[in-house]
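Got some structures for you, see below.
Here come two complexes built around chain A, the first alongside chain B, the second alongside chain C.
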Partner chain A sequence: MSELDEKTENGSVESAGKGGTEEKKAKDNSGLGLGVIFFLVAFVVVFLSGWLLFPKLLYSEKEQPFNFNHDLHVYEMGSCEACHFLREDGSFSGIPDLYSCTQCHYEEPMGMTEDEKIFCEEYVAKGKEVPWLVYSKQPDNVFFSHAAHTEGAGMECKTCHGSIGQSKELPTYEENRLTGYSRDIWGDNIWGIDKNSRDSMKMDDCAECHEEETGSKGACFQCHK
Partner chain B sequence: MSKQNTHGKTYKFGMAIDLDKCTGCGSCMVACMSENNVPFKKDESDKKDSITWMRVYKLTNGKSFPETEICYLPRPCMQCGGKGDQGHSPCVSVCPAVATDYGHDTGIVSQIPVRCFGCRYCMAACPYHARYFNWWDPKWPGEMEKYLNPDVSPRMRGVVEKCSFCYHRYQAARDKAYYEHREEIQEQEYQTACTQACPAGAIAFGDLHNPSHKVHQLVKPDPHHSGKPRNPKAFRLLERLGTNPKVYYISEKEWVRKAGDNYLEGEWKKMNKKHG
Partner chain C sequence: MKVDRRCFLGLGLGAVAGAVVSPPGMKLTDDLAIWTQNWPWTPVPKDGKVTYEQTTCSLCKGNCGLSVRKVGGRPVHISGQEGHPVNNGGACLHGISGLQYLYGLTRINAPLKKNGETFEEISWKEAVSHVADKLNAMRENGKAEKIACITGKERGSIPELFKRFMKAYGSPHYYSMPDMNTTWRTVAEKMHGENADIGFDLENATHILSFGSGLVEGWGSPVHNFRVNAQRKDKGVKLVQVEPRLSNTAASADRWIPAIAGSEADLALSMCSVIMKEKLYDSSYLVSYDTGFSAFSGLVTTGYAPEKMESKTGVAASEIKTLAREFAGAGRPLAIAGKGRGDTAGDLTEFAAVHALNCLVGNINAKGGVRLNASPDYLKFPEMKLDAVAEKGAEKAPEKSIDALMRKISGTGQSPVQALLMQDANIAYTMHDTDRVKQALKKVPFKISFSSFMDETAKLADIILPSPTFLERYEDLPSDASMSRQVVGLAVPVQKPVKNSMNPGDAVIRIAKAMKSGVSENFPWKKYEDCLESVTGKLWDPLSDKGYAVISEKKPRKTVSADLSFFSVNKGKRPEAAGDRTEYPMMLVPYDNMRITSSEVTVSPFAVKTVSDEEIKGKESFVQVNPETARKIGVSRGDKVKITTPAGSAAVRIDLFEGVMPGLIGMPKGLGHTTDNPYVAGKGVNTNQLISVSIDPNTGQDAAFGINAKISRV
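For the complex of A and B:
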């Protein structure tokens, strides 16, 4: 019911008496009020479902083959670089392969944990590589140089990787159903608002830091192949 | 032009191809295809469909038997810098998607296939036909996918691709330099696949700014005239368009040098007199 309608109606019934008009007005207002309430309720329902339900729908949760205790391994090995190191040609070793792990874990488990038992029985004994789900996996055409960041710019591992070195459990791997990449790339925040530079790892995030640090977003081939 | 980070060491990578040494064997084309994951087609003779980042052309002097001469001309992407190397390459200036840009730190023209939406303006703009369109998704028979180079991302249907001067090799060389805390990469650390594959040693590759590099010594580029070669036997393709290519050709034969551009009648003689 528009205001214009109301006015013309009021105009036509004005001569019939004041009481009748007020009654009519009250009736119209209650209809408008219901509309507003209905709109607000619908808005909240849709808004919340988009806010809470959509991320649940967008990401499927996947578990790693078994848990890995970074904290324990950093304690035993001394540093991140003991397992994740730069090779002599400047390339980055990434996640260690089975051979690296078997330098310590051969045949019998060293500890008491269920996870190590799974690792020894399922992978070491069978000579099978562990199919880790990689949180940092980027599209194929992305060229990322660890050497440029750690050696060239002198950055620390935790600037981008956070406190993963102190974690006792691996976080759940949330895979984006549309893109197939980890949620860590877009970031936890569905709006894309980051508290730390490491919260998301999209192209814009790379460009933002590059602009701050080097004064330029860089040419395409700086990060692409 | 967008401002770019040039605070590190900057290069101007270029190539000099000695056409008198080239035998037309096609090794450079093969090496290029396998290095850069270029898909091959059922019918490679269909030149509207086949993709050859590096392509060997056959030139002839057009004379009959006793005087007939043939020359083979390998053609990679010329990595045009435009006037004053400001990056106004023919392809870069027409791309509506910024899928190709000019690297001011290397002088190499990039091509980002995932950003390209296949309008092919760049192909129309390129005077050297160095750009190719993927009419089909690439297919490698059987287990051949395992032979793909992991440092080069394969392209998909509907995008343009071209020679990158094996940029991934530059990235690898730079990584090594970072690891060894060096500012500069060595000449031999970064060489393109075609350069290394040429059995005749006809291709030289290196930094055109660095007088100790072979490519610089061969062409002696003139920095005051957009890198025009000071070696009278060296020339660039379509020099007078002002594209300022980084690929130079060298030949003792005058008809070969003349084939590098389109000259009006008598124009070649007049020009040579002026310079000579």
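For the complex of A and C:
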């Protein structure tokens, strides 16, 4: 008897007996139940990992060289523009450089904080620029004019930068391990769902606001020159 | 319960379902896309503090004020300087591509010495002592007159230092590259008896009659004249362009008068005859100051009547009369000459004839007219102490022109020039009859180039002392003499030299100091910056503060005498286009295009990209012929043909253009470079190699504007 015949014969024997069929069904159902459990376990593990573990893995937390109290500086200087101003040619001064800071902070600290002591000893005394981690840093191929937004469209700083001006401590800088950009660009929400206009600053966010305000998403060359 | 394949299936499906409703998939896709844009080898300019520095461009003789934007100390962008008296915020495409020169592919890294067919790098100390030793030996052996020097510019402290070096050394052979201002100065001397520059108050003229001057092709001070042309339209100023080809200037003019190439002088004198005959001249001006008036009147009214000039100029007699009446009747008329960019000397008779029109309407030193500006003398060099060798050299006269010098070198026997210094001058590309110039250069045993780039001339040099580009060096730069206001600009280093180069001013001072007594004591400065500060004297403060100084604010003299006897004296002495008309029935006329440089500065890769496909496509350049001419010689658009002239031949393609007069071949200048920069070299043909030198007997300068030529199919 060939192997094929044997299989056929066995098969016909199995299919001929009723008890054999019931036993098979029970076996099948138990397999399905276990399959569902496996499904649910895998689903829950992956789902929770995606939501809870993945962001921890994706972003590395970095500390600024020392803390900076915006609230105190705004109180002392009067406004955001005292340090972050538009130059005569319309370009934006950005984060003040060491020279600007030393217009007030000489080698001796003005106050009592540990942070100012670090600043004076490590940077002012050594003439070294502070390597701030910039939450709003955009890719190099993006041209952004602060003047067009604050002067032209009359927008307030906090529309995009939030209430950083009232903060006493700098938030932890979360750097995307893959892209190297700050988490603030994508947004706190891992899905990229924004509660406020300032939550994320990607191209779609620019286009969305432009469409709302001007009726058009704008042309490529407006930002990519 | 048994773990079977369904369990694994459930596990897989569960994982997939979990992944679908959790963020990693979408987020990672997005991040990966961004990651791919940030490869470590992707060049990203360094970020830093944004600053601006003002400097002066020296890519052409316009010398515009520039504003250089720097990020973290690195220049990243160039634009025109607002409020500058030359360009007031404007800039041309060559100026804004200055950074491509700074980091150019053919920049020379360090001093080079020729060793056989190749160059080897040497130190500055070796280079300077090598040059000084050679020159010392020549001077001691009584060969002081056997060295020659050619500078690209005529004015400024750097050319002056070279001139001073030659004088102290004892050679009369110092030359600077001629241009239209050379000829205009001869006009001032012959017709006004003055050693002066001729400037044109184009801003205030109400009727500009241009004899081929390309106001938007880069004539005079290019950006300044772009603005004049742009404002002209708002002010209702009329521009009449006389030119055998519809240039961009002709296209933007109110009227284009196609006149036969080379007949501009005849047309101008014919217009003078109409003005004389109909007494349209400014009698108050002429009666008081002109000499030779009646002789001139007789000459033009009999010899240059419009009817007689019809066939010679290709312009109808009635048209000539209208042109003359409109010109003389305009409020503030102004006639200008200097073909295209005006970067060749040109024909003195043509310039004088055009100037005669200005004299007849009495616009000399008047608002909107011609201005005679005393040659700028802001540089105060200390008195020279000449030894016996130098005194002997000073008594000798140089050749009449660089072309005359080249002819002597290429003559039979040993070259009369045994050492040649070349600064800012790419003569193996820019001079007519280029192959002959190259042959002549090969006969000079010791050639010193101060070029920043390995250009056609530097390739032939024996030693190269590389200069920094205008963005890396100090230099005082007087504006083009054709401007009515004289402005001096200061180029300052906005970037530390990116190569091991040295300011040519410093190089010549160091060579002089390494020379023996007789030369060295005439160079008391430690470095060029000290020299510049000292010789500019009172001007140094405004120059270093503002970056420029206006040096001709004084009101011009009202009374200027004019002598029109030039034409009676020089009648018939004209340069002629080379080639027999029966063998070469057509005329090749190279034309300027603002998008391509044709001077010692090779065009930048960016600027080459802006040239139209109808002028250059791939490696082939096109010539423009009239469709009527094309029919006669049996060629059509796109055909590959050979152009032959008495100077040489070249393969080109045909482009049909009704804006070229029949019988003419229009060919763009500035192409056909043979450097090692693949982005600009090997494209098209250098027109200079097809043009023979045509000496103007009145000046001794090359006045060729074209050449007789023929076209044959290949």
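By definition in this document, the second predicted complex is superposed on the first by the 194 of 225 C-alpha atoms of A that agree within 3 Å, B and C clash if a C-alpha of one lies under 4 Å from a C-alpha of the other, contacts with A are read in each partner's own complex, and residues count from 1 in each chain.
The rule is short, and it goes like this: a contact is a pair of C-beta atoms (placed from the backbone, for glycine too) under 8 Å apart; a residue touches a chain by one contact, two chains touch by 3 or more.
Please read all numbers here as calculations on a predicted model, not as lab measurements.
K.L.:
Label the relationship between chain B and chain C on chain A in the superposed model as either fit or clash.
P.N.:
By the criteria stated at the top, chain C and chain B clash after superposition.
K.L.:
Which holds for A:95: it touches chain B only (first), chain C only (second), both, or neither?
P.N.:
So A:95 meets neither chain B nor chain C here.
K.L.:
Per the contact definition in the header, classify A:104: touching chain B only (first), chain C only (second), both, or neither.
P.N.:
In the superposition, A:104 contacts neither chain B nor chain C.
K.L.:
Under the stated touch criterion, which partner chain does A:77 make contact with: chain B (first), chain C (second), both, or neither?
P.N.:
So A:77 meets neither chain B nor chain C here.
K.L.:
Regarding the shared-chain residue A:42, is it in contact with chain B (first), chain C (second), both, or neither?
P.N.:
After superposition on chain A, A:42 lies in contact with chain C alone.
K.L.:
Between chain B (first) and chain C (second), which, if any, makes contact with A:140: first, second, both or neither?
P.N.:
both
K.L.:
Figure out whether A:214 sits in contact with chain B (first) or chain C (second), or with both, or with neither.
P.N.:
first
K.L.:
Could you tell me if A:51 is touching chain B, chain C, both of them or neither one (first, second, both, neither)?
P.N.:
Only chain C is touched by A:51; chain B is not.
K.L.:
If we overlay the two complexes on their shared chain A, which of chain B and chain C does A:181 touch? Say first, second, both or neither.
P.N.:
second
K.L.:
In the superposed model, does chain B or chain C contact more residues of chain A?
P.N.:
Counting residues of chain A touched by each partner, the higher count goes to C.
K.L.:
Is A:125 touching the first partner chain B, the second partner chain C, both, or neither of them?
P.N.:
neither
K.L.:
Does any part of chain A touch chain B in one structure and chain C in the other, and if so which residues?
P.N.:
Correct list for chain A: 89, 91, 139-141.
K.L.:
Write out the stretch or stretches of chain A touching chain B in their complex.
P.N.:
Where chain A meets chain B, its residues are 86, 88-91, 139-141, 143, 145, 147-148, 151-152, 210, 214-222, 224-225.
K.L.:
Per the contact definition, I'd like the list of chain B residues that touch chain A in the complex.
P.N.:
Spelled out, the residues of chain B in touch with chain A are 2-5, 7, 98-106, 108, 110, 112-115, 151-154, 164, 167-168, 171-172, 174-181.
K.L.:
For chain C, which residues are in contact with chain A within the complex?
P.N.:
1-4, 6-15, 17-19, 21-24, 26-28, 30-32, 34-35, 37-38, 44-45, 47, 49-50, 52
K.L.:
For the complex, give me every residue of chain A touching chain C.
P.N.:
Result: residues 27, 30-51, 54-55, 58, 87, 89, 91, 97, 139-141, 176, 178-181, 186, 190-192 of chain A touch chain C.
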